[in-house]
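Two complexes follow with chain A in common, the first pairing it with chain B and the second with chain C.
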Partner chain A sequence: MPIVTINDQKFEFDSGETIIQVAERNGIDIPHYCWHPRLSVSGNCRMCLVEVEKMPKLVIACSTLAMDGMVVHVNSLKAIAGREHVMEFLLINHPLDCPICDEAGECKLQDYAYAHGTGESRFIEQKNQKPKRVKLGPYVMFDAERCIACSLCIRFSAEIAKEDQFTFVQRGDRVTIETFPGKEFDNPYSLNVVDICPVGALTNRDFRFKARVWDMSDTKSICPGCSRGCNIDIWVRNNEILRLTPRFNEAVNDYWMCDHGRINCFKFVNADDRIDSPMIKKAGTHVSSVGWDEAISKTVSTIKRFKSDEIAVIGSPFAIVEDNYLLAKFARQVLHTKNIDFIKHINPADQDDILIREDKTPNSLGAKLAGISPRNGGLNFEQIMEGIKGKKIRCLILIEDDVAAISQDFLDSLSNLDSFIVFATNNNKSTELADIIFPSATYAEKNGTFVNFQGRIQRIRPAVMTIDLDRSLDAMSLSRLDKFGTEFDRWGKARKINARSTWRIILQIANSFSMKFNYETSEDIFLEISQTIKEFDGLDYELIGELGIQLKSYQLVEEPILV
Partner chain B sequence: MPLQILLKDIPNYHEIEVYRQHGGYHIFKKAVSKKPDEIIDEVKKSNLKGRGGACFPTGLKWSFMPKDNSMPKYLCINGDESEPGSFKDRQIFEYNPHQLIEGTLITAYAIGAQTCYIYIRGEYVKWIKLMQKALDDAYAQGFIGQRMKETFDCDFTTEIYIHKGAGAYICGEESALMNSIEGKRGYPRVKPPFPAQCGLWDYPTTINNVETITNVPEIIDKGGEWYANIGEPKHPGTLLFGVSGHINKPGVYELPTGTLLTDIIYKYAGGVPGNKKIKCVIPGGTSMPPIRGDQIEGLKMDAESLKAVGSAIGTGGIIVMDEDTDLVKVLARITKFYYHESCGQCTPCREGTGWMLRVLNRILDGKGTSKDLDLLIDIANNIEGHTICALGEAAAWPVKFTIQRFRDEFEARVGREIILPIANKVHSMRTTLEPLTDIQVG
Partner chain C sequence: MSVVKKRRKDLTIFQKLYIPEIVKGMLLTFKHLFGPKFTRQYPEVRYEQPDSYRGRPVLVQENGKERCVACGLCSRVCPALAIEVQAVETEDEKERYPNLFEINMLRCIFCGFCEEVCPEEAIIMSKDYELTFTKYEDAIFGKDKLLVPVESLKGRIEFLRKYR
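Presenting the complex of A and B:
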């Protein structure tokens, strides 16, 4: 193997690798703006200048191939001077509006100005003036003055999103970005450019001016928008989710996520239509809030009125593996019903070969593996709906889904039920018909696991407090405000929903039937799963870790698993 | 009469019939009777250096092209000629287009290019028309394209197209030129890879200047040795010197390399109007370092001699400035040009050219200080060597060398004191855990 020396350390490399790739792989930081591991090399920012012995000029590490015997100095005086000059050039026309810039706190120009700047400016001329608020598309806002013309966004659009929608116009320091005539920057992945933009030139119109980044906590989670299961960070301020950003996972979503996931998959957590306590329909009219104990005893007494084959259970591909597992166990051991299934949410019209999957749920495979399927001649979902129509099924338990929204026919049939028990996060068409409603915690308020279309099991973690969850006691991630704010701040007086993980509610109901289910945490359930279901054999939360793990029997699944 | 290789005193030489009467297109027939490598060797023997400014040996450049003929290969003739003070290729387009075409054919044969582009700056509307007429005539007589097989009784064919520039100086940079031909934004490419490996549409490509290629037929006709003995041995041949500025007879003069600058100015171009003294000469287009008036005595015009006085031959565009010239104004104007033409791709040139221009304009307004002169040199030094292409140097050199060589004139225009707002310098040199490699610890 050829060997390159970087900062006096020797590294082996494959031919064709650039200096920055070798350095990155070995944990050596070479400052850069315009380089991205997944995009073509443009070499325009000049920030990655390094000194190579026997080369007369500084070279850029992003495009210079590593050679056998090459000796690279990242931090020689000459290299540092070169980077300081580049920093000086980048800053002369950059507006100093960090105090109102969304990027502040996660801005590479800021970071490198501290690390590589000279700390003073020799520029006393008038700065360039350019457009400040250009709507490039539905989600992305462009500030031309902040732009350092690194071309990452243009390359991302062309190479990853595969849609050429904008480009540079003008020359010299007048250079700026424009969408092509008649085009909008509206591809399904447009917001990724906000993440890769090294400065505050491109901002998320859904998030801009909402929060300083250091005032938010970030929690590693999984996007529930489709069966891809993109790894994400949930950013929370004052117990409210303000944005989602993709989290690098080479096996699942690489560095990216789609705009649908980013924009539409968190607002329901903070929405006004959240179900905020258990509710019971009294005297055949409206539902009204009741305490947990009352709702549970009402549920127990209701269920006891029916024979087991009059009861059906619908699990959920939106719920975690643990929820579904406990529901299946409850159906088996308490309800003794074989009628159990879940609803598929497939939209073949909305998929691509980048990230977006036709299965619009995060855990179809997990729900199936957890035992949500008709047992020994039990009814599947369509048969359950037939049974409700024919009044053979008289009691339906539904978790985290909206069966009434699927068709008018279903909606009409549901009124045939004697009893309809719904676990839901938000009000929907099914909760409107329900006799008993339990408030379920959303994916952002609980621990648990999803299995994506590849058969990869991944962890979600609580980012938002409910009444039952405490940020410090439950080891949730903390922001600066969480740690140092006082009770006199507006901070901390946030709304907390009275909701619980679905499994916890099922557990309480089951134990009211004098079962002795004994789980303190979702991981307790998961450990039982790992002992009883072969696909999960030997797994625990620690093994799944931050990036998930491939289920053994689902190795190398490339195509979607239609469950 | 001096030796004429590129521009000949033959009436109507631009017409194909006249060109043919003087042996035109017979040299190509002679060329295809040899192997391509023999052509390259002949050009190597001639020691022909590129006329675009870099003086790179032409034969050596051709030899970088892969010999494999299974893939497309391209030849680009660079006639973008946009450097202020440079107007020589225009004369070839107008007065000797067929020699350029024949040179293109020979070069294409030598490197195995099936397609050739002659890239002409868009502002040369008239010369594009003239060149197109010459091409059409050559096609009509079967000298280019598929009919070459019959005309020259050979296996080789090539096509020649004219590509019009769209008004950007940067497209004269060879990799930006290729992007421009591909229909892309005229951005220079990061090198390596070099064009001979990965050029036009990622295929091997050679880019040569118009004047360089126009030399080729004569070299093949009369032999490399003959050519190598013209002018200065290390930079042989004749050059088209475009003389402009404060000069009585501005124009293009074909003279052997090594001709004295004073001969060009006084013997051929008629001297300086009003018999004024010369303050400054830019020897090769505005991007080249200027020469002081007291340096021109005995100075020969060839690559080596100019290097010795701290300048370069460039494109041979000689700009003469008399003793009354305001060099601050000249420098501001030159800098404005490079500011306007910087493509904006890479940071030092994009930001630095505008900065230098603004400082120079401030000095012109009488608001400069002597510290600004040091700042300008510093900015120029920080651009130089840190950019993707040579436009960085082209913008930096005039600033750096004009101020250095005429410092007294600049000092006279600026105030002595300045109070710059200087923030506290709070940073150490070290940026990471690893110690600085240049500092020995212990």
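Presenting the complex of A and C:
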């Protein structure tokens, strides 16, 4: 193996690797703007200047191939001086916008100006004037003055999103990026350019001015938008989710996530149509809020009126593995019904080769593995639909899904049910028809696991407090304000939904049937799952960790589409 | 063998006579009674603070609008977490302004860090020190109480430009 020396340390490398790749792999930081590990090399920011012995001038580490016997100095006086000069050039025309710039706090130019700048400007002339606040597309805002022309966004669009929508126009200090005339920057991955933009030139219009980044807490979680299960960070301030950003996971989503997930997969958590307490239908169509105990005893007395084959249970691919497992256990051991299935949400028109999957749920594989399937002659979902139409099924229990949204025909037949029990996060068509409604916690308000389409099991963690959760006692991530504030401050008085994890509600109902289910946390359920279901054998939350783990015994099987 | 230690408290004969000491004390009293006065009739007669005085922080109002761009640096630097800012977009050149700016005056410790960190000279320590509340809610000052026209803050702004 050839060997390169960087900062007096010797490293082996494969031929074809650049200096910056070797350095990064071995934990040596070479500052850079325009280089990205997944994009082609353009070498135009000049920030990664390093000194190589026997070379007459400084070279850029991102496009210089490592050679056998090469001696590289990242922090020699000459290299440091070179980087200082590059920083001075970059800052000449950069406006002092930091107070009004959304990137401030996670800006590479700020970080590098602090670490590699001289701290003062010799430039006394007028700075360049360029267009500000340009709406490039539905989600992306562009500020031309802040742009340092690194071309990351151009290369991302062409190479990762596979839609060549940007280009440089003009030259020298007038250079700027533009979409083609009359065209918008609207590919389904457009917001990733906001993440990779090293400055605040490209910002998220959806998140614009909502919060400073240092005021938010971030929680490692999983996007519930499709069965890809992109790793995300949930950013929360005042107990309200303000944005989602992708989290690097090479096996699942790399550095990226789609705009649909980023824009649409958190607003329902903050929405006004959240169900905020258990509800019971009294006197015809009127639903009213009741306490948990009343709703649970009502559920128990309702269910006891039916024979076991008159009851059907619908699990959910939106719910976590633990919810589905406990629901299946409840159905088999308490209700003695075999009519268990879940609804598939497949949209073959909306998928691509990058990230977006046709299965629009995060956990359909997990629901199936957890036992949500009509084994031993039970009815599957279509048969349950038929059973409701034929009045054979008289009691339906539904968790975290909207069965009434499937078709108008089926919605009409739901009035045949004598009893319809719904666990839901938000109001939907099913909750309008329900006799008993339980408020479920969303994916951002509970611990649990999702299994994505690859058979990879990944953790979600609570980011938003419900009335059952406490930010510090439940070890949720804390922002500065959460850490040092009191309950009297505004951020202590934020809205908390009266909702519980679905498994917790099922547990209470089951124990009201004089069962002795004994789980304190979702991890207790998961440990039982790992002992009883062979695909989960030997796993625990610690092993799954931040990046998830592949279910070893699971083989990918393509299944026919149900709905 | 015993040594009687003289204590500092031991009085001289002159002091033990008592009357001369009273006269001495009364002389001091009468000296101040007829000398120049330092007290003032507080609510009627007020104290003229120097420009270096740090009273309650206020927001500078210029042309009917706040200078503040809601960058949140005051909120970040505030050691007592007294300041809360929420930015929204405006069509003005400054792009953003605070639609909520609250200072919890029960938390404020008058350190002046907010004034020092402000990039827009938009939050200034005024000379107002008379702060009394009867309710918790009254102690949280919103934009209605914080906005002060720039003309009335001239002295402090000049002081800052000179000495900061």
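The working rule: the second predicted complex is superposed on the first by the 550 of 563 C-alpha atoms of A that agree within 3 Å, B and C clash if a C-alpha of one lies under 4 Å from a C-alpha of the other, contacts with A are read in each partner's own complex, and residues count from 1 in each chain.
The working rule: a contact is a pair of C-beta atoms (placed from the backbone, for glycine too) under 8 Å apart; a residue touches a chain by one contact, two chains touch by 3 or more.
The shown structure was predicted, so the numbers you read here are calculated from the model rather than taken from an experiment.
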Quiz item: For chain A, which side has the bigger count of touched residues, chain B or chain C?
Solution: B
Practice problem: In the overlay, answer first, second, both or neither for which of chain B and chain C A:Leu49 touches. | Solution: first
Quiz prompt | chain B versus chain C as contact partner of A:Ser121, first or second or both or neither | solution = first
Exercise. Applying the touch criterion given at the start, work out whether A:Asp215 contacts chain B, chain C, both or neither, answering first, second, both or neither.
Key: second
Self-check item: Which superposed partner A:His73 touches (first chain B, second chain C, both, neither)
Solution: first
Exercise. Would you check which partner chain A:Gln383 touches, where first means chain B only, second means chain C only, and both and neither mean what they say?
Key: neither
Quiz item: What residues on chain A touch chain C, complex-wise?
Solution: 96, 98-100, 104, 132-133, 208-210, 212, 214-215, 481, 484-485, 488-490
Self-check item: Parts of chain B lying in touch with chain A, wherever the complex brings them together
Solution: 168, 170, 185, 190, 192, 339-348, 350-355, 358-359, 362, 375, 382, 385-388, 420-427, 429-432, 434-439
Self-check item: Residue ranges of chain A touching chain B (in the complex, touch as defined)
Solution: 7-8, 29, 41-47, 49, 57-58, 60, 63, 65, 73-78, 80, 82, 85-86, 88-90, 92-93, 114-126, 128, 148-149, 167-168, 170-175
Quiz item: In their complex, what parts of chain C are in touch with chain A?
Solution: 69-73, 75-76, 81, 84, 87-89, 94-96, 102, 104, 119-120, 136
